[in-house]
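Chain lettering (A, B, C, D and E) follows the sequence in which the chains are written, and residue indices restart at 1 in each chain.
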């Protein structure tokens, strides 16, 4: 228990070493981003940069990064810098580098024409060397040299043009060919990840701190990528869909705004085709599902959390609820087709869609309501009981009001999810590809009483009806004919409308949550 | 009354440790002398040999005591000794804990509250409770106070009632005012009765809970460490209130502060770890000259 | 040292209330006499005018004190007065509370731990901490103890280390044994080092947490109410351990029990509501004859 | 002039909207529980859908004769086949009155409404069999769709052929440009049965053939197997199957080595219809050629059916509502606007006459 | 012996229940009891009516509404309890109905594809022992193997995307992100969950497939690789939110304990938080896998729709068919045994995902017990 090394409490101000390592991390990040842009085709790998093709510049950067990373390791190993490396880079890094070098060996030797045996041999040798380097030497060498070498090798291929624009290679037996256009960016992405991680470790001075920095760099990169994808997706749909959505949009006139895309059908006679019937269909669909699932789900949640004694019954309900939550939507569709359709006039109908989506919404509502009710502090129940108030009164006047924020949020998010579902209504609700305005269901006006059973009927509920997600699917497959002048524009406009409808639900749901949370905290 | 003031040792404590050794040893041999202690006044609640189990855990062991009307009875003891459990026996709030089972009898005005057919709702109207941490409902102050009477149908406020003219807003006003007055809160909140009760300070919230309890017009008020979550100023307000309430109500209060027990109560029951009632006597007697060595140790801060 | 033992009233308390009134009033006028108190021994931690805010809430107000090496310093005070906050300042665990902001300086062996570039990992290796409720990791007893050294690379146990012969199982054994011995736990657990630590009793878990802390070989050990969740027997074991640890380490312990502070500490700091350090002095002095009226009141149980 | 109307009212009607005519059938007054004739409903094949749906839209619009765009004449354009009609009634009023329905005289309020749903041929046939709809749209014969005998068909259904679909075979533009402008029926069979897998085998570039088929068991699939491969159950070996036309068109555009077949209506840029040599006769996609894919002799042509059901109430199989609606398609006007304009093949006059024979007498 | 005791237990519990019921009946206002019985009876009758597709269902349903409405006004507490109980059974009933109806519809296909083992004919076995699916030309066979292969491919790729990224993002949100960033990232990822799958499918079909076709010189653009990646993106939010819940449910004191020993944040995460939350995180991955298996629309519009097994087996540059896309694509144009075979695919899907769900629930329950200190 001796205080072996009393390291300084305060780390010195930024050293040159740290500055260089930091720069290497940054450069790797830039390389990663540019590589991503090249992969997505924003830029081409033969675009000239300062007189060289981009792929050559990539190569030079990777070479430099590789060299720098190796340099960090060596500098630390020979004690030129203040670092705290551990005796080994660890089993995870060792396994990763072994795999990488095995792959490098097998690929490159395959490219020079070795057979399977030879490739395995070369791969194994290189993998073994990588393993030995990573696992058996000190962390500063183990975490840098294999990585730097990979990056350097990649850089070398790119700089020399061995791999570059115009390069191609057929994958025998895979019916696919790799081209420089995709391989170069992928190689850059991969190599910059490796150098970024190694340089981050060097920046942190290896050891526990270095690992911390290295891992954080990777995680930040992951999260940024996810967010980029998210923003990219939404932006992509928005950019493509705006023209369609706002086709003929105007302010003023008879109504305050005229928004033909949302208020017109796609009948032949519409001057600007719109998605009104599908929009109305979606609205009714959601209303129907909510009317069925919300009371049922909340009621069940009340029973489960307030009345039922924990036992086999509640256990079974819980398993069933979670099971339903994860049941694939297409299975709900099959169920609706097999169970509901024969009971609602034997054809695809709005009401069959409503119930199918209602069944899907039910577990979502039940789970969130139950959580919300369980989150109501027991103190409220005790306080109410101690005032001599009966159980049901307590539930009604204390528990449910206090649970409303959670229930509301859950319901809105659940509705957002089912509003975008296609598979179940594909099998149960159908509807036209380009329904005219008159195809919009008129549910309220459709009720009819009759003297014979079933006494009440509503043709609007019993007809196949279109909804936004289904219409989008139908457009993709069956396509446009007739009067749509610019089919792509219409389809993207529809996709954007659907996205907006769903995202609005989500935004409201999330905002509700914030609102109630703020209110609780004030 | 026979056991009161029988202690032969000096009533002036000079050095707790020494005194207790002598006094305690004798007391320990002739143990439950105190069980026959009879407080002054009519007995409101008579606890008869109550045992409480939580599953296999024996939390209260054969406790009996008489709680007199219109006085403050304090329950003290180290953490986990069963004070709260005992308190919850008095209005059957233990029924709400699944694991708990209660044996024995508690008589409220001579009627056993554990016999079959007891209406819990009725019982809890008569035996009110205030909890350790203030727990107002997330409603307006007014609604908090009138919650009990409304639910019991004493006050009607609904749309129907208003339509049929049964609503008595004036009566509600009066009740709310009286209860808040009684809980010494009216002054502070009369201009914002419609504000959310969660906006009040801790001490105010606790007094609101007391007002809420008073609005139901109970006979007994049980309080479980009502001031433990409060700052000293709020605490002293609550303590004043407790003393005040004893004029009309029977108050039973659990506290973890011996000083508080000494300040507010008429008689004190000391529970010790294991769920035993070790001593029950006039508060003065308990703090000056307890019978039992263990109580002496506990009060002098030897443990706990 | 000037303020120690200057009280003119008798060291034998006969009636707290009366004594404090006289002693307190004088002290209250000439207030922060104690700030110049210098405990014996080298100063290990020098706290300089620390202010802590939680958002708008001013939780600690300009606290300064010197904590001497190889002794036990107790922090007492009513709930919410900032004891835990103060303790967390000493190893910068407050950094983990998002709302908290700390101003001022704390010097560990003369080096300010709040200056830029301080390596928190290094700091916390030197200033260990034991929490209020025992929090062993859900791993085996052995792994709990060797966790710190492993993470710091002092002990290697992984597959690779074993392959390359760098693993030193013997060293780990020794370290685990020593630490557990030191925490007075070895006897009880030496035959089940590979059992899950969550299977231990509360008191054993807390001692395991102390052992875990000792294995890192810190210089200072901070303890936040280390015995509050424990029964009396476990508590007394922990108290013995604390006194014992002071031979090698600097121990700072927060406690809610004045008796505990009196029993284990060399010097005591009293915080009162509002986040002020009201008095800091030798423990004996604080309990027998405090300078401040408020401390007197607090100690004699007038509130809290 | 008619073909420019391909994109319907949206194309030229957008700006020329006179008095809200462009603001399509904004009626929700149609058949909301009133006691008049009930809506004529149709369901089924996506191939027949464009025809019946366009007809339905025109019907529901009930445009007045002065409209000049959808109905009637004005100075600028002339509705095809108008000379045979020459009425001043609204469109649905006119066709309805031929079968005795009261004209309403209101735009967007036809004597009865029509509604067309889209699914598959089989579904349409089942729906009409089960009495769920009045008209079952099918691109394949109902005998194949429902697996019934011809006697059964004749007993229970009336087959109204309203147009003809020429399923041209398309290839990607690149293949066409590389010289594959014509294939023999045998070659196509080879391609679709996996015997020919490279374009070089049929005179194209050295590229794999990407063979696009249609959803297994769909009407299009069945008729292709029957007409091209010789048997409705003939085995097929394709690279991808899509249910409906749009997806086929899209992948033919997106890939440069694809072959597929789909409704003529979906031809567009990036794909080319090729000529097919059937036992010496070359059918060309060019309407001016000697033999064209629009000819009824073209093996991939198929009739587009709208089936009605024979039952106790309508022993003739077609009641007055259905007749009024179907009759609209069997005029020069209907053939031109609803069939040719959506890129299908119109029926020869003799066939139109035969089809009209199946309808009840006009009043 | 144990049998008799169990029998006694059983009898005792029935007796207990009977006494309790009797007490309850004795204690309750008889009118209330009648009302509740009538209400529940009519509800049951309407359910049975609906099951039998009877046009008279409206009658008991109306009766239920009237009786319950009356009961609500007069005996609210009891009626509420009964009605909420009925609502609770809905989930069980739904699950039961799904099982019954999907299985019932799939029976013809299972019978058609019966194969015999040791002379015993096992229905449905043929679906898993040969690889041919052809619903049209002879011999007509309905093997599910090609679709199972496709589902496995897509799910595997999706998991490779969703699991590491999801866990990393969950770690970020739960442990690393500063509060302001978290408040941004968390809803962002939730919104990702909201993007309808058909929108992914639309982008996949119109943008990704053509791109992939060109970028890899594929024969057609359908690939398991990109379908898997898209599906992984869709499963990601499920993994993130469940894993994040698991991570945040690890008591902070444990992490503080590690930090106070001078461990770095990363060390505390990998050595304390992640192992402690391991069950929850694996449950999250399982649920993500379930989502990926059940994802329909993107697969349907992006895949080629050919029931064929790719060669070599792991060739990600082919994209043929999954169980879900088989159903979505085929339903409608299929009939007879062909349609029944689609239900059989549904059965396989349903059973698989249900097993995953139950598995993840079991794991989570274990975690809760462990954190509760029982194990």
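By our rule, a residue touches a chain if its C-beta (ideal position, glycine included) is under 8 Å from a C-beta of that chain, and two chains touch if they have at least 3 such contacts.
Note that this is a predicted model, so its numbers are computed, not measured.
Both chain A and chain D are touched by E.
Interface comparison, A-E versus A-B: the higher count of C-beta contacts falls to A-E.
Centroids of chain A and chain C (each the mean of its C-alpha atoms) stand 47 Å apart.
A straight line joining the Cα centres of chain B and chain D is 86 Å long. One simple way to say how far apart two chains are is to compare their mean CA positions; for chain C and chain E this gives 51 Å. Computed from the mean C-alpha positions, the centre of chain D lies at a distance of 41 Å from the centre of chain E. Touching of two or more other chains is recorded for residues 119, 208, 242-243, 247, 250 of chain D. The residues of chain A that reach two or more other chains are 175, 208-209, 390, 393, 476-477, listed in rising order. Residue positions of chain C touching 2 or more other chains, listed in rising order: 121-123, 126, 151-152. Under the touch rule stated earlier, the contacting chain pairs are A-B, A-C, A-D, A-E, B-C, C-E, D-E. Residues 91, 93, 96, 98, 121-126, 128-129, 131, 133, 135-139, 147-148, 151-152, 196, 198, 209, 212-213, 216 of chain C are the ones that touch chain E when the two sit in their complex. Note for the complex: chain D touches chain E at residues 119-123, 126, 208, 210, 215-219, 221-222, 225, 232-236, 238-243, 247, 250-251, 254-255, 257-258.
Note for the complex: chain A touches chain B at residues 309, 377, 379-390, 393, 397-398, 401-402, 522. Of all the residues in chain E, the ones that touch chain A in their complex are 50, 53-59, 62, 76-77, 80-81, 83-92, 94-95, 97-98, 101-102, 104-105, 164-165, 168-169, 171-172, 176-177, 185, 187-199, 201-203, 205-207, 211, 215-219, 233, 236, 263-267, 287, 290-291, 293-297, 300-301, 311-312, 315, 317-318, 324, 327-328, 331-332, 342-343, 346, 349-350, 353-354, 356-358, 361.
Only residues 134-138, 205-206, 209-210, 213, 219-222, 301, 304-306, 329-330, 332-335, 338 of chain E touch chain D when the two sit together in their complex.
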